[in-house]
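In what comes next, subunit A is part of two complexes: it sits with subunit B in the first one and with subunit C in the second one.
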Partner chain A sequence: MDSRVVSKAQLPELLDKLARDYILVAPVHEEETVTLFKKVSGANEVQLDYTNSDVSPKGCLFPQTEKTISYTYTGDTLDMKEAAEPPKTALFGVRPCDIKSILALDPVFEGKFLDSYYLDKRKNTVIIGLSCSKVLSTCFCTAFNSGPCDGSGADLMFTELGDKYYVEVNTDKGSSLVEAYSQFFGKQDTEQLAKAKEEQAKKLEGQFTRKVDLEGVKQVLDENFELPYWDKVFKKCLGCGICTFVCPTCHCFDIFDYVTGEVSGDRFRCWDSCMFPDFTLMAGGHNPRPSKKERVRNRFMHKLKYHLDRYNLEGCVGCGRCISKCPVNIDITQIIKDLKEVGQNA
Partner chain B sequence: MLDAIRKLREQAKKLLEEKKVEMVIGFGEGTELARTTPVFITSPEEVSALTWGPFCANNLVKYLTDYRNLQGNVAVVVKGCDSRSVNRLLTDNQIDRDKVVVLGVPCPGQLDWHLVAATVNPAAKLKGISDDGESFTVKTDAGDYKFDKKESMLHKCLVCENPNPIVSDMTVGKEQPVKNYENRFAEVTALEQLGTEEKSKYWDKQFSRCLRCYACRNVCTVCTCRTCVFDQMQPMWVSKRNNLSENTSFHLIRAFHVAGRCVDCGECDRVCPVDIPLRKLNQKILKDLGDLFDTPTPGSKADLTSPLGEFATGDPEEFM
Partner chain C sequence: MHNPSPLTPYPATVTKIVDETGDVKTFTVEFDDPEVMENFGNKPGQVAQLSVFGEGEATISITSAPTRGKFLEFSVRRVGRLTNVLHQIEVGQKIGVRGPYGNWFPYDKMKGKDLFFIGGGIALAPIRSLIDFALSDQYRKDFGKVEILYGARSYMDLCFKHDLFERWPKCPNTQVYTTLDRPEEGWDGHVGFVPNYVEEVNPSPKNKVAIICGPPIMIKFTLAAMEKLKFNDEQIITTLEMKMKCGIGKCGRCNIGSKYVCVDGPVFNLAQLKQLPPEF
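For the complex of A and B:
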């Protein structure tokens, strides 16, 4: 693997250049307490002193609202306009958990049916990761063989070390970016910095307060669809969509037409949430997941079993957003612990 | 505070043992020191799960409508602000007073988890809490933490109207002093000073980032419609598209729908994952209703009718 060095003093200039040549999406302090990934026009808007954004950057590849086609009837002919090719995008400052989540989303959109809306954006997006410098009380990425400095999945991975960024060049896409902006990417001291990064990773890994052990959890779920445990957990759930909307791996959507007049309209796809009652409501009125119990169970089954069954990949990356944001403290790490216990007592 | 927890458990145990209630809804220890989680207790042996303290922000009255069709009665742990919700649900005929036992807890204010999380050791065990007037000291097995109330409490607690429950069948804990505040609506008044364009810019920025997760609606104790207008497919009043126009429609329709019924418990504001200051929106209406009709905060007295939900034949019809 190739590696480089970018001096901190030069980063703003690099970001300005990226913003000129690409659509640059980076963390922005929307409010004092809110950090979101947004399109920026230059380095001055980018805020890298954040631990974890409030909403994951998945919207860059899978927007909450996306117009897929526009149509107009003229006489007997139907005019359809499809979405234009997405612009070249640089997604900068992505934390390891969120990078890993993109790897979990890839096979969903690149399965039997190729989802061009996602895949075209994925193809045109270069992912520039940024190692964590702090561990939150809700973080548990280490449970999924990842860590606060894990750059796997990123095209380029930046790690802040003193007055420099150590940059790992992981893919051809990353390599071409380094070449195109070679004046910013030095080669000095990379060996020494690689060691410093390892040390930083070790130090941060020691700061995790949540110890999560997944051993045996999937087996419990494989063997038990019905568990009395679910009768307990769902009662406090409010049935809102926070957990699914802040989740970096949730990917369910709904498609509908927004008709303007009688002859034209737009077709949209929007994020949907399995926590909403109408998610599984059928036209005839039947709902296979009629209560919060079935919906809560489904969400955890999806994270801890179904995603693994389908893609052999974890459906959770340990970003901790759902833990931090759930208004009633439904905590996936507690669910994992409880399910493990259920398995041991069975 | 530990004394209040002991008494709360005693009361809950008694109620369950004597079969006066089928379920006790209260606060239980959360997965981090500074959090609690709603618990639903159905047997006397489980009452040790109950807790109380400055990390009990949730308004548990929300759950009463989930259990209104239980055969037996339900007991619920209620703070002063939450007790306004009880009154409001009674006025709206959503719950049967005879089927609810209110376990009232006088409240010295609630700490904002997001403001204290970075300071405390999340894995520490709570040993006790002392209320030192201007601050709380949270005692844990990993040391003591002192929190200045002004800096670390939920904003609503800084201008609390009802530190003591207005509705209560059994009150547990020491009565709290009721304070008078010069301007309960200071945050709203500040916003009112802005020009129309600035106001619009302010709210546009807030509503633009709404995720439409509907947590504000789902946590709201006065949102009791069986089918919410936002879940209706035909006609689709507000579509699933996330954009400023649809998001604004959602928030304004909601604000007007709860106008005159919103008890100012602040839950919508607390649960918003992207920190939209929803309480300001509802407080503006609350303030205007007070100015126009001289009405107190909904729920702050029993059998209060809403000035917007009342029809009287003697009303002037100036607009007709």
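For the complex of A and C:
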């Protein structure tokens, strides 16, 4: 693996250049306390003093609302226009958990029916990761064989070390970017920096307060669909759906039409949530997941079992967002612990 | 070069509408570009997404067999928002169709066997594609006897009356049993619920496949009847209905456990169904 060095002082200039040549999507603050990923016009808008964004960057590849077609139908002629090919995009400042979540989303949108909306953006996006420099009390990425400096899945991985960024060049896409902006990417001291990064990673890994052990949890879920435990967990759930909104691996969507004129309209897909009662409600009135019990069970089964069954990839990346945002403190790490116990007592 | 968009429907025109019952209509639909039909490749049991522009989409089973001609038929019960709108459209209107989606009845494995179809109400629609496939000139020789047992609440609620009383009984080695839930003036046929009628007809499980579709309560009692008749779980095939949006295994709502009904189903045999969590 190739590696480089970018001086901290030069990062703003690099970001300005990227914003000129690409659509640059990077973390920004909104209303002071909310951090999310947005298109920026230059380095001055980018905020790197965050530990984890409140909303994951998945929207860069799978937007919250996305037009699939525009149509005009006059009664005689029907025309449909599809979305244009997405522009070249640089997604900057992605934390390891969110990089991993993109890898978890890839197989959902690949497969027999290629999802052009996601895959075209994925193809045209270069992912520039940024190692964590702090660990939140809700973080538990280490449970999923990842860590605060794990750059696997990123095209380039930046790690802040003193007055420099150590940059791992992981892919050809990353390598082309380095080449195109070679004036910013030095080659000096990379060996020492690699070591410093390892130490940094070790130090941070020691700071995790949540020790989550998944051993045996999937097996419990494989063997038990009905568990008395599910009769308890859902009781405090409000069904607000925030867990699915902030989750970087949630991919459920709705499709609906929006009329824009007498003969024209747009069709959109937008994020949906399995926590909502009408998510599975059929026109005839039957609902296979009629109560919060089934819906809460489905969400945790999806994260801890179904995604693994289908794609052989973890459906949770340990970002901790659902823990910190849940208004009634439903905590997936507690659920993992409880399920483990259920398994041990079985 | 970017990928073709999987959620864009093909433009199509409604060329015929048949009123089956008070709340079921069958729409014949032809693609505006004949080449689309050439490459559509729908197999009996698959579904499609129908669009009414400005209103949205609904998942509807393709009720016609590919052997019937260069068109698709969809039987739609007026039951929700989109189906209400569909029921108001007229011949000549353009709609969108995308698909075909899902798996299909495993007709290769049914070759050489007798087929026993059991349907109730609107649920004859999803299995009609296989009935017509098996009764087609091209494939009739591949299957043994074809029997169709179908029931509805009243005469008015029987779908596909032309098929039931005219077309199918004339096919070689084919028998149609029709029943109504309650006696009715002018009806001299069988009266009684589908599961009881199945027991009366008493089909032997020998070299036979049963294809069942109906409302949940009918399925429940029919499965009990089939067990009495000594059909095993691999001999019983059904097709499921779920709310769907994408049809391509991505939007997340039609899962039963780790399976998506839109890509792994809708057709399952009873042995496969018993492996799934009871969440459908």
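Annotations
In the analysis below, the second predicted complex is superposed on the first by the 341 of 346 C-alpha atoms of A that agree within 3 Å, B and C clash if a C-alpha of one lies under 4 Å from a C-alpha of the other, contacts with A are read in each partner's own complex, and residues count from 1 in each chain.
The definition used in the following text is that a contact is a pair of C-beta atoms (placed from the backbone, for glycine too) under 8 Å apart; a residue touches a chain by one contact, two chains touch by 3 or more.
Since this is a predicted model, take the numbers as computed values, not measurements.
Taken together in the superposed arrangement on subunit A, subunit B and subunit C fit without clashing. Contacts of A:Gly206 after superposition on the shared chain: neither subunit B nor subunit C is touched.
Once chain A of one complex is fitted onto chain A of the other, the partner contacts of A:Pro228 are absent, as it touches neither subunit B nor subunit C.
When both complexes are overlaid on chain A, the residue A:Phe113 reaches subunit C alone and has no touch with subunit B. In the superposition on chain A, A:Phe256 makes contact with both subunit B and subunit C.
Contact with subunit C, but none with subunit B, is seen for A:Glu85 once the two complexes are overlaid on the shared chain.
Of the two partner chains placed around the shared chain by superposition, neither subunit B nor subunit C is touched by A:Gly162. Vertex at subunit A: the C-alpha centres of subunit B and subunit C lie 90° apart in angle, rounded to steps of 10. Contact with subunit C, but none with subunit B, is seen for A:Lys305 once the two complexes are overlaid on the shared chain. In the superposed model, A:Gly284 lies in contact with subunit C only, and not with subunit B. Between subunit B and subunit C in the chain A overlay, the least Cα distance found is 7 Å. Common to the subunit B and subunit C contact sets on subunit A are residues 254, 256, 272. Put simply, subunit A touches subunit C in their complex at residues 68-69, 71, 73, 75, 78, 80, 82-83, 85, 108-109, 111-117, 119-120, 225, 251-257, 259, 265, 267, 269, 272, 274, 279-284, 286, 288-289, 294, 298, 301-302, 305-306, 309-310. Taken in their complex, subunit A has these residues touching subunit B: 30-31, 33-34, 36, 54-55, 64-65, 137-138, 209, 232, 235-236, 238-242, 244-246, 254, 256, 258, 268, 270-273, 276-278, 323-325, 327-331, 333-334.
Residues 2-9, 11, 32, 51, 53-58, 77, 79-83, 93-94, 96, 216, 241-243, 245-246, 248-258, 263, 277-280 of subunit C are the ones touching subunit A in the complex.
Residues of subunit B that touch subunit A in their complex: 30-32, 35-40, 58, 62-63, 66, 114, 117, 121-123, 205, 209, 211-215, 217-219, 231, 233, 239-243, 267, 270-271, 273-275.
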